[in-house]
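Have a look at these structures, which come just after this line.
Two complexes come next, and they have one chain in common, subunit A, joined by subunit B in the first and subunit C in the second.
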Partner chain A sequence: MITEIGNFLLSIATALSFCMFFVIFTEKIINVGSRLLFCKLFIHLITFLIFISFCLLISAFLTDNFSLRYVANNSNISLDTIYKFSAVWGAHEGSILLWVLILSLWGSGVALLSKNLPKTIVSDMLAVMGFLLLFFLLFILLSSNPFDRIFPVPLNGRDLNPLLQDPGLIIHPPMLYIGYVGTSIPFIFAIAILLNGKINITWLSWLRKWVICSWVFLTMGISLGSWWAYHELGWGGWWFWDPVENASFMPWLSITALMHSLIVSEKRGIFISWSILLAILTFSLSLLGTFLVRSGILVSVHAFANDPERGLYILLFLTLIIGSSLLLYFLRSRYLVIKDNYSISSKELMLLINNLFLTITTFAILLGTLYPLISSSLDLGKISVGAPYFNFIFASMMLPIVFLMSPAIYSGWQNTNYKYLTKKLSIILFYSIIISYIFLNVFYQTDIFIVFIALSLAIFTIFSSVMKILQITKNGASKNIIKNIFLLPGSILSNLLSHIGIGVLIIGITISNYYSIQKEVVMKKNTEITIKDTTIRFVNVKRKIENNYSSQVGIFDAFSENNYLVSFFPEKRTYNIQKNVMTEAAIDSSFFRDIYIALGENLSEDSWVVRIYYKPYIQFLWYGAALMILGGLFGIFGRNKLSQNAQNDS
Partner chain B sequence: MTRKISFLPIAIFLIIIYFLFNELNKDPTLIPSPLIGKPVPKFISQTLINNSKITNNDLIGKPYILNVWGSWCYACSIEHDYFIDIYEKKTIEIYGLNYKDDRNSAIQWLEKKGNPYRISIFDNFGNIAIDLGVYGAPETFLVNKSGLIIHKHVGPIDKNYYENIVLPNIKNE
Partner chain C sequence: MIKITTKNKSNIIKIMIFFFAFAGFCALLIYALSKNMVYFYTPTQIINKEAPVGSFIRIGGMVKKNSVIRSKDSLKVSFKIHDLEQVINVSYDGILPDLFGEGQGVVMTGKLLDTKNFIADEVLAKHDENYMPPEVADMMKEKNKEMYKK
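After this line comes the complex of A and B, so read on.
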């Protein structure tokens, strides 16, 4: 039954999304009010139908309905309930269904929260959304249907890929998808604007909230992914420049650029056609990411799911949608002008440079990701582009951006007092350089030039943002500085918090990257090893048997100057069904460092390969990401202007 | 933005799309091996089933397929039927390299699924596999009559492996 109902619901949703798309051609026949009404009705119905079919799939997983091929391939009776739930999006078919569900939810969101926009724009936006939904629903029905049957029905399933059996992976994909798919909002906005050939500044501020919203989700998704890789993969790394990671990082860079260019467009009425182009590019990069991940043209050697047919379908759609949007942009972008003559102020110039560097970085990463394909296509042999290329490009592009953050924060839209600004920032920069120099020499007795530069710039950004907050709040309404901070407008708080976040993140990245200590040793039971100032004793290895895996648990005790600190229990798990061996690293985190132990091969009765890492400041990665996300949230939900209350107090 | 510049995005996009289409039908599991054209590395090991001694020289003489497998390897059970099909054609010998496996479970696995291998070499510690540059099971090598590796396939073979890879390559032998 579940197959029939699921297919039925999805087919109706497909038909409705076709109708929704068709509304765009009825401009001359139906008036705008009814067109909008139709679109709103359609999108809510579609969301409802997809939601029900998604619930059906969840129930199939929870009740171990192995008559569905997708369930049989990705679940198992002995799997924990929570993982049965997350297995719904553990493989291709389910994750595409989740994609579509999220797409329709964003569409419904636009339908509900668009009172500030003219009706023609909203109905055109929803019609374009209808086209996107139509494609993905057809894709599901034709080539990746999670409701397909399997016959004969197996007694038990093949189990979820053990790599995915981790708490981090329950919410990572949905978060990432929400962010990924959220880039469709600026896209449908851009298309509607180009179709109508009109633009208005208030529409842009409406768009900016949606852009920040999807930026927040993308940031959360990417940082959760890194956090998962760090905990689960067992080599202490958190970013690998793997094509799949790049696929999520490129839209992030480009939506970050969009977020900044929209500020300029909104405040000054310029860079509008650039913002529109960025909106199209961001969504194109999301689609390209989906294509790269799903077509299997860039997967690693050991992924066995390679389906060129699916890839061809996505690629054709990609060509159609991106090609036609860029063509539309080519034909119409000239009309999107609010101001003809303008002079560029310092702030705009800096935001322009920010955009330039972010775009170049995006393209450099795109080039690095696609280079293996290009070289193989030109018969130059198979080449893989590794981390050194990406690290070099990224560092050399990011440092100028970070350097410009502080002047950008301090300069105004008009009448910037350059003398004052230069003097003030030079003092802050000077102190940041001194502090970073002292810090590196006292704690690490070395100065690697790039670390010194990065650290100085990070401290510079943090200091100048904090000083800015203090400066505003000192002149603020209330005498209580803390209270004043909360009275700040959301846009200022979000700006400063996220830039502090970037500074913190850079500290985490550089120091953990350059000053980690890593030991890969063979240890016998009851021997000790010292890493930094901590002594680690290998006590024992015990067997543990769980529902769907058995595991060998190492026991390690850590001592600092003979005082017992903490015990580590790294595991090496063997999953019963797929026979995969998984490492579960044990990590002791504190503010300034992580100690990370992973159990390697068992060499003989009582000797094991053990990997021990001492990672200073790695926690700053997560703090930085959290600050950026918090900043984004203030941007969406923060108060719009200084409140009435605050003004009365003064 | 001038008209000429606004055409740039489409131009870049079209170039990217060209490469993507071009690559779509190629198989990412085709990895050129530095061993192609080189002889199968020297080894001395045991056979899986009756523990007798076997060396690389014992295989030379006729072209053969060398398949790296293990009873623990899920993808190996997928490709196994295709090896049985090739075995039934009786045109080329198949040797197995039993990779990091338990001897008893490997023998049971063959008894259950059928044994297309003339001989399976027991590579308990994966030493031979390291010399062969194996990434993981399954991998399949095609070797000519003088013992030179002429083709390497990573991942499970498909039903066209015999037609598309084996036949054209051993035609001249």
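After this line comes the complex of A and C, so read on.
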């Protein structure tokens, strides 16, 4: 029954999305008001239908309905309820359904919150959205239908991939997808603008909020993914330059560039056609990401599906989308000029450099990700591009951008008082260098050049942002500085907070990368090992039996100068159904360091291979990400500049 | 003839700067890529001396039954991998992945000592009972085909 209803709902949604797309061709026949009305009606209906079918799938999981192949392959009676729920998007079919649901939700969002845009633009945007929905719904119905039956119906399911049975995985995919799919908004905007051949500054500020919104989700999704990798994969790393990670990182870089170029477009009326191009590229990169993840051509922890047909389908769509939108861009982009004559200097120049470097980095990562695929398909040999390539490229491209952040914060549009800027910033830079030099020498007794540079720049960015906040709030409306901070316009706060976040993130990355201590040793019960200033005693190993797995739990006690600190319980789990062995690391986090213990192999009765890490400042990664997200939220929901000015005037 | 006015001149300089920056970037990229490319070889290719000795490469194959020898008090381990035809000795000092086992497919990165011995820096085996690294799967498919022909 559930199969029929699910298929029925999805088929109607497909038909409706075709109608919605078709609206774009009725320009001459139907007037604009009713076109918009149709589109809005269609999108809400589609969202409703997909939502119901998604709920059906959830209920199939919660009620252990193994007559559906997808449920049978990815769930199990003994699975925890919460993981039954998250198993809905644990594999290909369900995650594509989630993808479409989110796409339609973004579409409904646009339909609801677009009063400031002209009706033609909105109806064209929604019609393009109809095309995207049409593709993905057809994709579901033709090649990845979660409502497919299985016969004979198995008594029990094959269980969810144990790697995915982790709290981090409950919210990581939806967040990432919301961000990924959110890049469709600038895309449909770009296409609508190109079709209409006109542009207005106020439309751009509307777009910018949506872009920030999807940037926030993408940032959250990526950082949750790293957090999951750090906790679950048992190697103590959080970023592997795995092709699938790159697939999510490229749209992030490109949407970050878009966010910055939109500021220039909005404030100065320039870079508009560049912003439009970036919008198209960002969405193409997200589609490419979907293709890479879903086609199964990659070697990765994320690549579950191994169906070349699916890959081919997405690849065709990708070519169609990129080809047609770029063609449209080259035919129409010259109409999108607000200002003809301008010079590029000051803040514009800095943001131009930011965009240049971000685009180049994206391109370099794209090359490193695709090169092995190209080489193997052309029979040039099987190659892999190692992490050192990405690290080298990334560091050499990012450090200049980070250096430019502070001058960008202090410079104005068009003209900047360079004398004042240089004087002010060189003092801050001087102190940052001194502080990072002292810090490295006191705590780590080494000065690796790259660490020194990165740390100085990070501190430089943080200091100059904080100084800027203090400077503005001192001259603010109220006498209370704290109150003034909250009175700041959202755009300024979001800018400064996110940049402080970047600084904090860099500190975390650099120090945890270069000064981690790693020990891989054979330990017998009741022996001790000292790492940094902590002594760790291996007490015992106990067996534990849970619903769907059994595990061996190590017990480790940590002491600092004979004072008991904390106990660790790392696990080695064996899942009953898929017989997978999984390592669950035990981590003790404090502000300045993590201690990370994972069990390796069991060598004999009482000796185990144990992996112990001391990771300084790794928490700063999550703090930095949180600050960036907070900054993004201020950008969306913060006070806008006009109300601030009005307040100052009164 | 094009007159070179001051405006044109500054444009030309801008274009030149852009061009050189772009060229520099491409050079950097190609350099970094060529430094960090790791080629994949099968045991047969290594025995046939197709892989440069002493270089950093990736190899893959199946772990030979009863070939895993562990040291008693350290993490050192040695084993043999094969692709149904040829066998390579591997030594490794570190923690083996959870799914490492005899008869399983593995992919390793490391240094080729000579045409028979390999020192692994990193050993990969995936978290899935049915999983076989794509390189190994391809290799096995081809080998099976060849054997079938014979």
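One rule holds in what follows: the second predicted complex is superposed on the first by the 633 of 650 C-alpha atoms of A that agree within 3 Å, B and C clash if a C-alpha of one lies under 4 Å from a C-alpha of the other, contacts with A are read in each partner's own complex, and residues count from 1 in each chain.
The rule is short, and it goes like this: a contact is a pair of C-beta atoms (placed from the backbone, for glycine too) under 8 Å apart; a residue touches a chain by one contact, two chains touch by 3 or more.
Please read all numbers here as calculations on a predicted model, not as lab measurements.
Trainee: In the superposition on subunit A, see if there is space for subunit B and subunit C together, and answer fit or clash.
Mentor: clash
Trainee: Could you say whether A:Ile545 touches subunit B, subunit C, both of them, or neither, answering first, second, both or neither?
Mentor: neither
Trainee: Quick check on the superposed pair: does A:Met582 touch subunit B, subunit C, both, or neither? Answer first, second, both or neither.
Mentor: Once the two structures are laid over each other on A, A:Met582 reaches subunit C alone.
Trainee: So, does A:Ser284 touch the first partner subunit B, the second partner subunit C, both, or neither?
Mentor: It touches subunit B, and subunit C stays clear.
Trainee: Between subunit B (first) and subunit C (second), which, if any, makes contact with A:Leu312: first, second, both or neither?
Mentor: Once the two structures are laid over each other on A, A:Leu312 reaches subunit B alone.
Trainee: For A:Ile29, is the partner it touches subunit B (first), subunit C (second), both, or none of the two (neither)?
Mentor: A:Ile29 sits against neither subunit B nor subunit C.
Trainee: Which partner chains sit in contact with A:Leu155 here, subunit B, subunit C, both or neither? Use first/second/both/neither.
Mentor: neither
Trainee: With the two structures laid over each other on chain A, which partner does A:Trp274 touch: subunit B (first), subunit C (second), both, or neither?
Mentor: first
Trainee: With the two complexes superposed on chain A, say which partner A:Met1 touches: subunit B (first), subunit C (second), both, or neither.
Mentor: A:Met1 contacts neither subunit B nor subunit C.
Trainee: Which partner does A:Val442 contact after superposing on A: first (subunit B), second (subunit C), both, neither?
Mentor: Neither subunit B nor subunit C is touched by A:Val442.
Trainee: Could you give the residue numbers on subunit A that contact subunit B in one complex and subunit C in the other?
Mentor: 299, 301, 381-382, 578-579.
Trainee: Which residues of subunit A touch subunit B in the complex?
Mentor: 273-274, 277, 280-281, 284, 288, 291, 295-299, 301-302, 304, 306, 308, 311-312, 315, 318-319, 322-323, 326-327, 329-330, 333-334, 366, 370, 373-374, 376-377, 381-382, 578-579
Trainee: Within the complex, which stretch of subunit B touches subunit A?
Mentor: Against subunit A, subunit B makes touches at 1, 3, 6-7, 9-10, 13-14, 16-17, 19-32, 72-75, 135-136, 154-156.
Trainee: Can you tell me which positions in subunit C touch subunit A when the two form their complex?
Mentor: The contact residues of subunit C facing subunit A are 25, 28-29, 32-33, 35-40, 58, 70, 73-75, 94-96, 98-99, 109, 126-129, 133-135.
Trainee: For the complex, which residues does subunit A have touching subunit C?
Mentor: Touch residues, subunit A against subunit C: 161-163, 234, 299, 301, 360, 364, 367-368, 371, 381-386, 388-389, 392-393, 396, 520-522, 572, 578-583, 600-601, 603, 609, 611.
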